[in-house]
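Per-chain residue numbering starts at 1, and chain names A, B, C, D and E are given in the order in which the chains are listed.
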Amino acid sequence: MNGINGVTQLAFSDVWRVMAPEILLVLGGFLILVLDLFMNKESSRRLSPQLGILFLIAAFVMTIRNFGLVSDQTAGGTGELLNLSNMLYVLDDFGNVFKLLFTAGTALVLLMSIDFFKQNPEVKVAEYTYLMLFATTGAMVMASSLDLITLFVGLELLSISSYVLVAMRRNHAKSAEGGMKYLVIGSIASAMALYGMSFLYGVTGQTNLAYGAQTVIQMWLQFKPLLTLAFLLMLIGFGVKVSLVPFHQWSPDTYEGAPNPVTAFLAVVSKAAGFALILRTFLWGFSGVFGDVYIYLVILAALTMVVGNVAALSQKNIKRLLAYSSVAQAGYLLLPLAVLGKGKSIDNIWLALGQTSFYLVAYLFMTMGAFAVLTVVTRQAGNETLEAFRGLWKRAPFLAVSMAVFVLSMAGMPLTAGFIGKFYIFLGTINTEMYWLGGLLFATSAIAFYYYFGVLKAMFLKDSAVQSHDKIQVPVSLTVTIAIGLIGTLALGIFPDLLMKFLNGLHWFGQ
Amino acid sequence: MVQNAWLIPLFPLVAYLLLFVLGRRAQEGIVTAISVLAALAGFIVSLLILSDVHANGASAPYVFHWLTVGQNTLSMGFEVTPLNAMMLTVVTFISTLVLLFSKGYLHGDARYSVFYQYLNLFIFSMLGLVISPNLLQVYIFWELVGLCSFLLVGFWYFKPEAAAAAKKAFIVTRIGDVGLFIGIVLIYVATGTFEYSGVFEAFEAKKFAIDWITPDHFITLVAILMFIGAMGKSAQFPLHTWLPDAMEGPTPVSALIHAATMVAAGVYLVARAFPIFEASPDALTVIGIIGGITAIFAALIGLTQNDIKRVVAYSTVSQLGYMVMALGVSAYAASTFHLMTHAFFKALLFLAAGSVIHAIHHNQDIRFMGGLWKKLPLTGWTFLIGALALSGIPPFAGFWSKDEILLGALKSGNTTLFVLGLIAAFCTAFYIFRVFFMTFTGEFRGEKEVYEHAHESGSVMTIPLVLLSIMAIVAGLLNSPLTDHAFEHFIFGGGEEIGKVYDTEWWLAGLATVVALAGIGLSYLMYKSKSINPEALANGPLRPFYQLSLNKFYVDELYHVAIVKPVVWIGHILNFIDKWVVDGIVHLFGEGTYIGSLGLKYSQNGQVQTYGLVTLIGALLLIGAAMYAVGGVK
Amino acid sequence: MLSVEQFLTLGAILFCIGLFGALTKRNIIIVLVSIELMLNAVNINLLTFARFGLMPSINGQIFTLFTMTIAAAELAVGLAVLISLYRNRNTSDVRDQDLMKW
Amino acid sequence: MFSGLAITGQTVAFFVIALFVIACGVMLLSMKKVIYMALSIGGVFIGCAAVYLMLEAEFLAFIQVLLYAGAITIMMLFAIMLTKHDEIEKPEPITAHPVWAAIGAAGFGLVILWVVKFSGIKWPQATPDSPFQGQDNVKLIGEALFNQYVIPFELVSVVLIVALVGAITLANKEEKN
Amino acid sequence: MMGNLLTLIVFLPLLGALILGFVPRSNDSQPKAVAMIATLLPLLFAGILYANFDSGQTGMQFTESHDWIHIAHAFQDKSLVIGYSLGVDGLSMPFLLLTAVVTFLGVLATKHMHRAKEFYIWYLILVTGLYGCFLSLDLFLFFLFLEMTLVPMYFLIGIWGGDRKGQVATKFLIYRGLASVGILVAFVALAYKAAMVTGVMTMDMIAITDAFAKAPADVITSSFKQGIFLVLFLAILIEEAFFPFHTWLPDTHEQAPTSISMVVGGVLMKIGAYVLFRIGVGILPDAVQYFATLIAVIGVINIVYAALVAMVQRDWRRLLAFSAISHMGVVLLGVAAMNQAGLQGGVFMTISSGLLSGLLFFLIGAIKERTGTTIIGALGGLSKPMPILAGFLLVAALGSLGLPGMSGFISEILAFMGAFKAFPVLSAVGTLGIILAAVYLLWAMQRTTYGPTTAQLEGLPDARAVEYVPMVVLVALIILIGVYPSILGDLVNHTISSYVTRIGG
């Protein structure tokens, strides 16, 4: 092993082995960028998203390949993670799972975007596409890096791309406003997180989490206030990114302002990346002292579940409603990590990782599907309130049933992926004997019935405000997205073993 | 023969089912035929069994498995003892006659068949009650007869009074029934069985599987609880109020159910379970006192009532009081004997009253009757026989049985009860003859037209009257010194004496007769010869007493004020609480959450700097709390 | 002799000034600048630890370098968003930006 | 708070610089005209560069001057010019918002101060000898950057591209169709 | 032959719902026919099961079991295996039959209504959920089916309900949603504790029961059991609509359409009782014993309180709802006794109350269909225009007030036989319910069917031929249980004995 300040030559083959998906995406992004530059103004750039999807699929495939690499490495028994630059960047199944999620999520977002471009010709297709790809790269870096600097760069790559994407509808005041809000709050959050990182660096003297963790344990007693402060500052900074209460207020506005596909991207990919970052940082950097700090995670998780759901109760704007719903989901997603404070064994960590990733996959399907339906319905109705969904059952049964499935899944009704995901997370709370937290998880879900069923009520119980013979035209790309969401939500709800078996065989941290 | 006793209740049950299948449009003749034949068959079998029992004594119970509860088995079945053999005979006999009588009385009613269905169901239930070998079965049929009473009292459902009376009958008896319910459940808990034999053994040994009460107290408790059941059914004070109201039902019903059979069930129960009561002197005392109070109390009310059926009804209450009092002083034989004789003459009185009512177009107020002797001579005669029997004039049936009760009360040393009994006897004689004189003598005081059309009913109504009259005359002799107290020997089954038996005291018999005659005499003076003006008395110095009696001592009003209203008010208050407090809290939570939601919604004011500030304050609180918890490096 | 504490204190003060500015100033440019101030405070922290920390190392300086670069990028995007916003709404006052609320 | 602090040339310099930085910061907060605010932030950046120098980060001090005091301040001035630059912050009734912001910021600062100075943490005694003694600051950074930190370095280039493209896309004037 | 009968019973209704999804929307009679077949077949199969059921056996019969979900790392390094496993024993058999009968009759009772196809789709989904609850041998599966009843109920009330349908549907949803939370917490906690004993993580009811039966006291402490039981009990109080969590029930009954009221009162509401028997008594008997007094007190409060409130209700449906609450109080009293008679009485009362609720709500629905109202004060003298309906109403009311010869009585007396052994004083207070039941039911009867008939009620039609089926079937069952209780008692006797022997009672 090389010393931290020693000279390490990175061979391309090594880099390719570890970073193939990232490299592919960056290359893809630059390819589109270059094409965009060299194509003349008149030529159509409409195929950019399709190209982007191709690259995402390639990255997806490379990620799948990486699972094999990790398992080979484990079978080889060296006990060493595949890594670059002295544990700066690692290849393990934790990262791989998230990368699958990111690439799949972004691919779906781009699929939805095809329709969006048709409706909004002023949006620059090529820029949009490669910003998406770069943002995904940033998310991947967040999932795989073990170094504070790299994590930070990845985070900013994702964030800055997102700011631009949100504000991209240039003639749209709300879009710019959403971007501005996201940017201001996001930058403050970055500063907070960085401030925390600086303290962590101050105590450990290095930016690497894997090595720093040892120092954290040694120094814990002497530097408890400072390290706790560092932990909290980072938590707050990351918390803003995944919109934990009370750091969530930007998200309804931003979600509302952003174009639908971008909202979906923020809700799924960006949020998942945030959780990857949180898990990576806290499970590596603070694993030794987690018993002393988990309580803050518990507090935030509980607060997020309660406030997220309660705030959504009175919401009539469907996009804002989904924003609050995604706030609440962040609370659920934080639980697996939070309960680890009482988890005694390493198995608890595997359980927590399984829970988070399962829920994120479920969340991916249902959220993507819901946003696809929402795009169609709100466009047809011309507004984004619940009224737009009135009598949808009569106008478009397929849309209504799909939306019902997505909404029920978010509410945690059985036979949907959302339920299994919630149940899985719930197991962790009971396993660590934090019964009240598990109870709160489902109790807040029960409160959430009120607004989720409000959507169902609008679709099935009420008569349409508009003429019922206005059949809704659903574009192919959105149909595909909805279908994927529907199949995923139901398949994972009825046969969760499809994913469970896979999760069970993973070498999360390359062990 | 005894093993075939199950046939007796089966006949009316089959009749009931047949009528039910035939439906409400069945012809009156067929309906009557089926019913009467069934009852008659039952009567014949009863007679055979009676003679069998007379010859061979009581049988062991015949039981079959009904329900398994863990290791225990609950069974159903039947048994025949002298007591219930007697009851079976009486019930089937009177039933047959009443069924016959009803053909005339109910003729032309749209729900004729339904009436017979109910009656058959009642007869079945009553017989089932009588032959029960265990307390659970008794309770089951106990409730069923109550149901039939309810159905029959409310037979004319469109009359609000009938509906109210039916409901009242059911609810008031149910209050008593709950006592019985608790009683038998406690017996089961303590002894592990409902069977009479098992229960009696346990009570004799005073060994109970219960630890929260001493055996002696437990016996008293159970005995009183069971007696409460009897009080409800046998209309003992203070649960007597339903019986007079129940006269809203058709008169045959009053005769059968509310005079002869069902109301005697309470007495029968106490008699059947007498070993339980005998084991507790305290309970017996209570029973005696209740009986005595009921006897005099109802008799006093009876003095002033104007509804012919109500007078007879109060007399029923009063006579039931006698029987209960007799049980209270352990005069077991006297009580059961009076039960039997009373069944005959009271059924007779009711049917005769029914005949009168039927004749004058369902008018029941004696103030608008009079001089009917000429129009209804047979009815008049039979009513007179019944009245004499009720008054206790020798040699009619009532004389012998009432005399024995008075004797028992006297010999038990409880002089108060004895005196009460005597006074009640005087009142009884007075009011029943008041009715007689006002109905059958003098001038008719109602509409002329009605009087003109009044005539004796057909044979279906008169034959029962005659047969019952005969019984009312001769039944008393069964337990007279003239027959060497044959009834007593029979009822004891040739074995040990149950309760206490005393030799006849002739002076007492004389005294009782004199008292009864005095009552009749006073009645004659007031209502026949008019030498004493009843109105002057009522409005004169006795006015308060008159009012009390006329208004039934305001018991109903008292109940209404003291029980019904408060309970309804409690209901309203609880309903209010349910709506505004229990549900209100729920709504408060709901509304509160929603208001919280609105608050959270409107805190979202669109200002990015507010969001930042909230983030900052949240962060500060979290960090501050954390730093407080960490508390620095020690 | 100077030690960690003085520099950290300076950093903290600077950070809070930036924070306060970001939350109260009305011009979006100044808000963005205030955020830069916060990042500068972080940089002071990082450099302090690189020089006087428990385990002094060059990593702090590297970190600072990255922070600076990214802060510049962030500011650039921020200003671009501002321009876009200004074009749409003709104001750079942060408090006018409340089309979306509730 | 500053007890036990020997007064040397270095400490005096530090306090002067610190006062200057804070003063510029406060000016930023209290100035009425946007343009003055932009100027005062330049002061902060330069002051910071001086602090960096004291922390023996010569290269970063240099970058600070170049990047912040130079490029960023200029960029900001451009932005100010592009928008309504002569705008004066309007006097307005005192609302709760700035008060709470002040409380929040001050509270935040106090908590950090507490952690740094009063929570009982024993900071290491400052050594007069630099850990980087005798080594070229730029070389050290360069070596680390191109060996250990080459991946984030490459990534930053992507970030910059994103910022560049993003800024152009957003700020570009509408093409006329 | 019996291999997959349970699966068929559970999923045939769902299949029916699927088929209905493809029936053209305009047709109205077709959906009803499909629904009828989809509920009749399970009824027949349930009958076959009953005929082949060995009541002398304690364990589960006709079991089906397949592994379904493996949840990774759920317990240490082991997966949680969730099985799709179904089975019946003496306890679930009566509930199965009750469900089969009431749900089928519910279809018959459904009147012509708008959006008929959707109605039956939701109805059939609900039926599958109900069957699933009673047949699941896996706690997870049970919970799944329990939740499955929520959504259809929301729509069934929300679309076809009365004037406050939206509000009541939501109330129903939230209440029962919260109840599910308690149930789930308790279930999973039980599974984890059982896993600590056996080392195998499973949600299988039988395995967990066994594990708890032989667990050493230091692994599963009594305070744990008590805590979990309290959570479970709280959930049951909501599920079963016990005071003070009962307010959803009167509202639901008041607003729901007739057939749904039948199913809610007849089956859905009884799930809580089933959980109480199966999990409370079956797995945590010592905790039940520990809290016996509390349970009994709540039981008595329910009996008396609900009866008093029922007395002053103006609406028949609310009255019946409170009456059902009062009756179910007896179940608590019986369970609190924790002896054979009490528990058996509890099961009897649950089933009896289910049948009676089904019958009563059907009758009130029929009356509402004709008169347009269920307000007691607006009715009167119904015996005249509709003697058959009035007669059945009387029978049902009498059954409900515990008249011997019908199922209510034997349930009541069994429960009290048990309860008086354990809580003589409380039970004595509880018997007030017997009187009050007579008071409110007869009072309502008196004002509904008795008395003079008002002009606008004159000439209304009596029962139609198709309406006889639910009435006759339900009355026949009620009387059958009342006259020959062994038909039910023999089924449950052994299962309950096994519970009782476990607590040494």
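Rule of thumb we're sticking to: contacts are C-beta pairs under 8 Å (C-beta built on N, C-alpha and C of every residue); 3 or more make two chains touch, one makes a residue touch a chain.
Note that the structure is a prediction, hence the values are computed from the model and not measured.
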* Asked: Which chains contact both subunit C and subunit E?
  -> A, B
* To do: Chains touching subunit A and subunit E alike, please list them.
  => B
* Fewest touch steps from subunit A to subunit C? -> 1
* Structure fact -> With centres defined as the mean of Cα atoms, the chain at greatest distance from subunit D is chain B
* **Innermost chain, taking as reference the mean of every protein Cα atom displayed** => E
* To do: By the contact definition above, name the pair with the higher C-beta contact count: B-D or B-E.
  => B-E
* To do: Averaging each chain's C-alpha atoms to get its centre, pick out the one most distant from subunit A.
  => B
* Compute the distance, rounded to whole Å, between the mean C-alpha positions of subunit A and subunit B. => 78
* Whole-Å separation of chain centres (CA-atom averages), subunit B against subunit C -> 94
* **Chain centre separation (subunit A, subunit D; CA means) in Å** => 31
* Once you find the CA centre of subunit C and the CA centre of subunit D, what distance in Å lies between them? -> 6
* Scan subunit E for residues touching two or more other chains and write them down. => 174
* **Touching two or more other chains - residue numbers and ranges from subunit A** => 4-5, 149, 153, 156, 160, 163-164, 167, 170-171, 176, 179-181, 184, 188, 222-223, 225, 229, 252-253, 447
* **Junction residues of subunit D - those touching two or more other chains** => 97, 101, 104-105, 108, 111-112, 114-116, 119-122, 144, 149, 152, 156, 159, 162-163, 166, 169-170
* Structure fact -> Chains touch one another in the pairs A-B, A-C, A-D, A-E, B-C, B-D, B-E, C-D
* To do: Give every residue of subunit C touching subunit D within the complex, in rising order.
  => 1-10, 12-21, 23-27, 29-30, 32-34, 36-37, 40, 43-44, 47-48, 50-54, 56-59, 61-62, 64-66, 68-70, 72-77, 79-84, 86, 91-93
* **Complex interface listing, subunit A residues touching subunit B** => 180-181, 184-185, 188-189, 192, 221-225, 228-229, 232-233, 236, 240, 245-247, 249-250, 252-253, 296, 299-300, 307, 310-315, 447
* **Of all residues in subunit A, those that touch subunit D in their complex** => 4-10, 19, 26, 29, 33, 84-86, 88-89, 122, 124, 127, 130-131, 134, 137-138, 141, 145, 147, 149-150, 153-154, 156-157, 160-161, 163-164, 167-168, 170-171, 176, 179, 222-223, 225-226, 229
* Structure fact -> Listed in rising order, subunit C residues that touch subunit A in their complex are 4, 15, 18-19, 22, 28, 31-32, 35, 38-39, 41-42, 45-46, 48-49, 53-60, 62-63, 66-67, 70, 73-74, 77-78, 80-82, 84-85, 87-89, 94, 97-101
* Spell out the part of subunit B that touches subunit C in their complex, as residue ranges. => 601-602, 604-609, 612-613, 616
